[in-house]
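These are the structures, in C-alpha cells.
What follows is a pair of complexes built around chain A, which joins chain B in one and chain C in the other.
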Partner chain A sequence: MREPLRSLLGILAIATLLAAATAAFRPGVRALLRDAPRADETTLAAARDHRGPLLWLDARPAADFSRAHIPEALPLTAEEWDAQIVAVIQRWQPGTRVIVYCDDRACGASRHVAEKLRREYQFDDVRVLHGGWHAWREASGQ
Partner chain B sequence: MKRVEIILRLALAAVFVAAAVPKIADPAAFHDAILSYRLLPASLSAAVALWLPWLELCTGLALLWPRHRAAALGLMLALTVVFLAALGQAAWRELDIVCGCFGRPASVRGAAYLEYLGRDLALLLVTVWLLLRERNTHTAAGR
Partner chain C sequence: MRRMATLPLRASRRASAFVAVAALATAASAELKWDSAELTAKIRAQEAETHASFGFVNAGAQPVTITEIRPGCGCTVPALAKSTFAPGERGEFTIAYHPGNREGRHRVDITVTTDDGASSTVAFVADIEALVSFDTRFVFWKGNEPRHPKRIRLTFAPDQHARLTEAQSSDPRFGVTFRAVGDTGREFEIEVTPPAEVLNYTAITLHTVVGEDQTARQFTVVARTM
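Let's turn to the complex of A and B:
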C-alpha cells in the first residue's frame, strides 16, 4: 500500500478510536448520541406532568407565531425583546416554570432566550422544550 | 520559500488543533452548531459532532510529522471543502447558523457569511499550495 494512503487510514482509525473512547467514558456524550434531553431541556411529557404554573414562550419569528403556537404561549424573540419582555414579566410569578421553544432541534433561538432570562432576569426555572414546536405538532397530531 | 512553507504548515496545524480542542471539550455545543446547518439528522450529526473534532486534532498533529504530511494535507483539503460546502449551502438558503468553527458558538447570518467563507477559502488556498509543494518535493526526491 502506498505510504500516504496508509497514513490516511491510520489518521482516520486513530480519530475513530478516540471518538469511540470518548463515547464510552463520558456519560454526557452517550446522552448526546441517544438524543436524550439535556439538563436544561424538558420533554413535552415532563411539561405536561409538571405540577405548578407553566409559562410557554415562543422564540420563533413573529410570522410563525401568528400562524400557530402553543396555547397561551407568549412570543419572545431577540429581535423584539424590549417590546415583548414586558408581557412575560407581567405573567411570570415566583415558582413558575418557563419553557421556551423554537422550531426544532436545529434552531438555537430558544436556548438563547432561555440563557438571557436566566442571566439577565434571574428567572430560576427556565427550560428549553426538547424537539421544540415540531415535537408539539407531532404530539398533537397536526 | 522553504521558511514560508514551514510557517504556513505550523499555522495550518495550529488552526486545526485550536478548532478541535473546544469541540472535544463541549461536543453538545458543537452538535447544536451542526444541527443549525440543517444538513444532517440529529442522530447522525451527534456522531459527527463526536468524531469530527478528533479527526481535526489528529490531522493537525499529523501535519507536523513529515511521514504523514501528505495524508494530513489531503484530509485537510477534504475537510475544508466540506466546511466550505456546508457554509455555502447555509448562506444560499439564508439560514441563521451557529458557526461552531472554533468551539465558541458564533451566530452567522447575512453579510457575516462573507467573513467565514473568506476564512475557509484562505485555508483552502494555503492547503492546496502546501499540497502542491509537498508533491513537488516528492517528485524532485524521486528523480
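Let's turn to the complex of A and C:
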C-alpha cells in the first residue's frame, strides 16, 4: 500500500510544481506577483488614512470619467490638459496631496500626469494610486 | 533480481505520469510569444500620428483568439486584421499613436487578452520631442506674500522657426507682458503682476507661430493668488 501512495504523492508534487511554474510564467500572474506599490505610488488605504487636503485626479479618457469616477475627482488628461488644468489649480493649495489614477495596473497616463504636475507646476506632493480605478472599484464593491 | 526489475518499472510509471502532467500544462497555456514586448519610437514635435506594429507567434499547442486589446491611454488606437491564430502561426496588431500635447518620454502599456483567459502586456514608448519647454507653468502668491511680479520662461526647441506673438490673460486684473530674452531667438519671458486680492486666478493663453508655414499653436500657463 505504501508504494502506490508514495507514487501518488510524487505525481501530485510534480503536478503542483508544474502548475506553479506554468502560473508564474503567465503574464497576468506575473503582474500579481510583482504587484507591490512603487516609490511614487500610494495605496487606497493610505489615501483614506491621509489627514489633510486631498485632491483626486482622473487621468482616464473622458468617456470613462463621464461614466463613473471617484467622488470629487477632477479629470486631467494630456489630450485636454490646457482646458482642465485651471480647475485643478483652483482646487489646489500648498500642502495638498494629489493622487492621480487611471484604469490599468500598469497605467502610464497617471504617471505622465503626475510627472508633469511635479515638473511644470511645482506640485510638491503628487502620488499615483496603486491599482488605479480597479482598486477603487473593488474596494467600493462596484 | 525481482527488486532490480521493479525499480525501472516504477521509474517508468513516474516518468509517464510526469509527461502526462507536463502535456496537460502545455496544452492549457496557449499563449502569445511577442517579437518584442516593448517598441520605442522617436516622434518629432509637430507629428500628429505615428504607427507601430507588434508581431507575435502563437507559441501554445491550441488555437488562440485575441478577444481584447486594451491600451492604457486613449491616445493609442489598436487595430487587428485577424483574431484567431493556429499553433505556431504568426500574427500582428498595429497601433496608431497620437501624441497630442505630450512631450518627453511617454509609455503606453497595452494589455492583450486571449480566449483562454490569459493576458499579456506589451508597451509602446514614445520619445516625443518637446516643441516648447517652460521653467514653470504656474506661478502663485500666498496670502501674505508681497504682490511682486513673477516670471515664466518659455524656450522653443531648436530649428522650430517659432516665436511668441501674444500673451492673453483671462482676468484683466492680472498684468501680463512678455519679451524675448537671450540671443538665440528661442527664449521668451512672461511677466505676471497679480492683483492685491486673494483667491483670484488667471489662465494666460500664449499664442505662438511655429514652423516654416507659421502654424498657430497655443499654450496655457496659470497664475493664482491665495
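Just a few scattered comments:
One rule holds for everything that comes next: the second predicted complex is superposed on the first by the 108 of 142 C-alpha atoms of A that agree within 3 Å, B and C clash if a C-alpha of one lies under 4 Å from a C-alpha of the other, contacts with A are read in each partner's own complex, and residues count from 1 in each chain.
The rule is short, and it goes like this: a residue touches a chain if its C-beta (ideal position, glycine included) is under 8 Å from a C-beta of that chain, and two chains touch if they have at least 3 such contacts.
A quick note: this is a predicted structure, and the numbers were derived from the prediction, not measured.
When the shared chain is aligned, chain B comes close enough to touch A:Asp35, but chain C does not.
Put simply, more of the residues of chain A are touched by C, taking chain B and chain C as the two choices. In the superposed pair of complexes, A:Leu5 makes contact with chain B only, with no contact to chain C. In the superposition on chain A, contact of A:Tyr121 is made with chain C only, not with chain B.
Applying the stated contact rule after C-alpha superposition, one finds that A:Ala15 touches each of chain B and chain C. By the document's definition of touching, neither partner reaches A:His134: not chain B, not chain C. After overlaying the two complexes on the shared chain, residue contacts for A:Glu79 are found with chain C alone; chain B is out of touch. Contacts of A:Arg91 after superposition: neither chain B nor chain C is touched.
In the superposition on the C-alpha atoms of chain A, the part of chain A touched by chain B in one complex and by chain C in the other spans residues 3, 7, 10-11, 14-15, 18-19, 22, 28, 106-108, 111.
Touching chain A in their complex are the following residues of chain B: 24, 27-28, 31-32, 35-38, 42-43, 46-47, 49-51, 54-55, 57-59, 62, 67-68, 70-72, 74-75, 96, 98, 105, 107. Contact residues of chain C toward chain A in the complex are 10, 13-14, 17-18, 21-22, 25, 28-29, 31, 70, 72-75, 100-102, 106-109, 111, 118-121, 134, 136-138, 142, 201, 203, 218-220, 222, 224, 226. Interface residues of chain A, counted against chain C in their complex, comprise 3, 7, 10-11, 14-15, 18-19, 21-22, 25-28, 31, 60-62, 77-79, 81-82, 85-86, 89-90, 93-94, 102-104, 106-109, 111-112, 120-122. By the touch criterion stated above, chain A contacts chain B in their complex at residues 3-8, 10-12, 14-16, 18-19, 22-23, 28-29, 32-33, 35, 38, 105-108, 111.
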